[in-house]
Amino acid sequence: MSIDLKPLGDRLIVRAIEEEQTTASGLVLPDTAKEKPQRGEVLAAGDGRWDDEGENRIPLDVAVGDVVLYSKYGGTEIKLDGEDLLVLRESDVLAKVAS
Amino acid sequence: MSIDLKPLGDRLIVRAIEEEQTTASGLVLPDTAKEKPQRGEVLAAGDGRWDDEGENRIPLDVAVGDVVLYSKYGGTEIKLDGEDLLVLRESDVLAKVAS
Amino acid sequence: MSIDLKPLGDRLIVRAIEEEQTTASGLVLPDTAKEKPQRGEVLAAGDGRWDDEGENRIPLDVAVGDVVLYSKYGGTEIKLDGEDLLVLRESDVLAKVAS
Amino acid sequence: MSIDLKPLGDRLIVRAIEEEQTTASGLVLPDTAKEKPQRGEVLAAGDGRWDDEGENRIPLDVAVGDVVLYSKYGGTEIKLDGEDLLVLRESDVLAKVAS
Amino acid sequence: MSIDLKPLGDRLIVRAIEEEQTTASGLVLPDTAKEKPQRGEVLAAGDGRWDDEGENRIPLDVAVGDVVLYSKYGGTEIKLDGEDLLVLRESDVLAKVAS
Amino acid sequence: MSIDLKPLGDRLIVRAIEEEQTTASGLVLPDTAKEKPQRGEVLAAGDGRWDDEGENRIPLDVAVGDVVLYSKYGGTEIKLDGEDLLVLRESDVLAKVAS
Amino acid sequence: MSIDLKPLGDRLIVRAIEEEQTTASGLVLPDTAKEKPQRGEVLAAGDGRWDDEGENRIPLDVAVGDVVLYSKYGGTEIKLDGEDLLVLRESDVLAKVAS
């Protein structure tokens, strides 16, 4: 999927990956029993914010296509073409899935 | 549209773009059902704030004419020639629409 | 008008410009209905604050004679020769009127 | 154990080491009587966060395989393959066990 | 007047100048009706605080003998030889009277 | 005494020195009458935290074996081999006993 | 008086100088009527704190033997050889008595 939004600075646009919420016994758990930090795919990434002299950008460690682990309560929800996405700062990302 | 105001530092003057608020069924939604972050057009931009040595300005990543996504609750409302505009800092802009 | 006060650092002394508060129907609006940010003329400006090494001053982007847009709730009110003026920091100025 | 998560910046993924909670008299203590800071093994470590110029990363003093002492109340709990792990910042680590 | 105290860093010792508080009608106003920021004479000034490398001092823009405008609620009151004086930081000074 | 813990960054591990709490009249004071800041021996010290460029460590002014004066309410208590110790940051140390 | 404590960084050890609290009429004032900032003699001084690169120490402007004016409510009280002393940071000192 390609989107027409370019995040500014150290921001990312992320689409949540719905984890299967089936327990060992086969029951589907209600929403409040889901784990907190969740996985998502990075759809767009900024170019990094400027350093204090305005000469270099601080590089991002996350790229488009990465799958990242982030806290569900960080960021700002946006709706794009009817889909719920999240705008995060890179500092809200805990880890990425090693490829 | 050209305006006679020059924002200072990392500030922008933005005019909100009213999104069509018609649902699939053709109903027009009342105001409180609108999405939160909203699109706007950048009418004027500062030259960037000075770095800590007063030697360079930190460049802005947003230019006049860009369409940006921003939080409706950031910034200061001003009225110019009878029109409601918003003065934002660039750090309040989430993303810009790729051209 | 020339005044005998030199603001320190990044401060400005500003005299508010009373906007005409007559509506289209010719009614004069009471004070609480006035717009919030307001215009003022810069009567005096500091030389800029020192950088962290004490070697350069951070230049001001506003000069004496500029007309600026600022929030009415920033700054400190002073009375000079019976006139109400405002001492602002440059960071409280939103924009200046392009000349 | 190897995991497929790469922490970002100065973050670590740690698995708690359950200390034996048997007292001198042979009683097993209930959970609330356990000591507060606890030991854990570092399963994954970030590459360090970027310095303010975006040129170097600040090196981490902790490596994969280290046993560290940390406060149980720092960090974010995650569940990986059914196991409870913790994402910490290096600054939340008090000490490491000298090898 | 010369005093035997040397303020540290960016501090000043200031003696308030009592403004005439007589109104147009000749009434002397009680203390609570006085204007807030007030004028004072600088009796002693520090040498400026050290920069972050401990190599230079940040120069002061105020010197002994200057008359300054400052907020009555900044600073620390001291009594010297029976006289009430004020210890201010230079950043609490709004402006100085141009000579 | 040697311990197998290496504090991170600017942290120290300290063992409190119990002062004799006998008054002039020979009475032993109860615990709440003891003086607040207390002396302790430094059992282990970090290598100092990294500077902002990740190039040098900020040196510590305290070394293993030093006796230091510190506030009893700073730091984190740990238990090591049945003994109560304290993990402090160097900035929590007030002074060291000159040798 | 020489003491066996070396303050760390930008700290000082100060012994308060009891001012004569006799009024013009010869009455001795009770303790709560004393002036707030008070004078003290510097008994020991740190070597200054390290700069952000860990290369230089920021020099202190106060030396052992100086008489300083400081706020009674800053600092930490310690008892040394039965005498009440105060550990201050240099930034809590308002001024020193010129010699």
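Letters A, B, C, D, E, F and G name the chains as they come in the text, with residue numbers starting at 1 for each one.
Assume a contact is a pair of C-beta atoms (placed from the backbone, for glycine too) under 8 Å apart; a residue touches a chain by one contact, two chains touch by 3 or more.
Treat the numbers as computed from the prediction; the structure is a model and nothing was measured.
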Counting hops between chains that touch, how far apart are chain A and chain D? 1
Whole-Å gap between the CA centroids of chain B and chain F: 53
Would you mind pulling out the distance in Å between where the CA atoms of chain E average out and where those of chain G do? 24
Junction residues of chain F, two or more chains touched: 52-53, 55
Going round the ring from chain A toward chain D, what is the chain order? A, D, F, G, E, C, B
Over in the complex, which chain F residues touch chain D? Could you list them? 4-9, 11, 13, 44, 47, 50, 52-55, 76-79, 87
In the complex, chain E touches chain C at residues 35-37, 48, 51-53, 55-59, 61-62, 69, 71, 90-91, 93-98
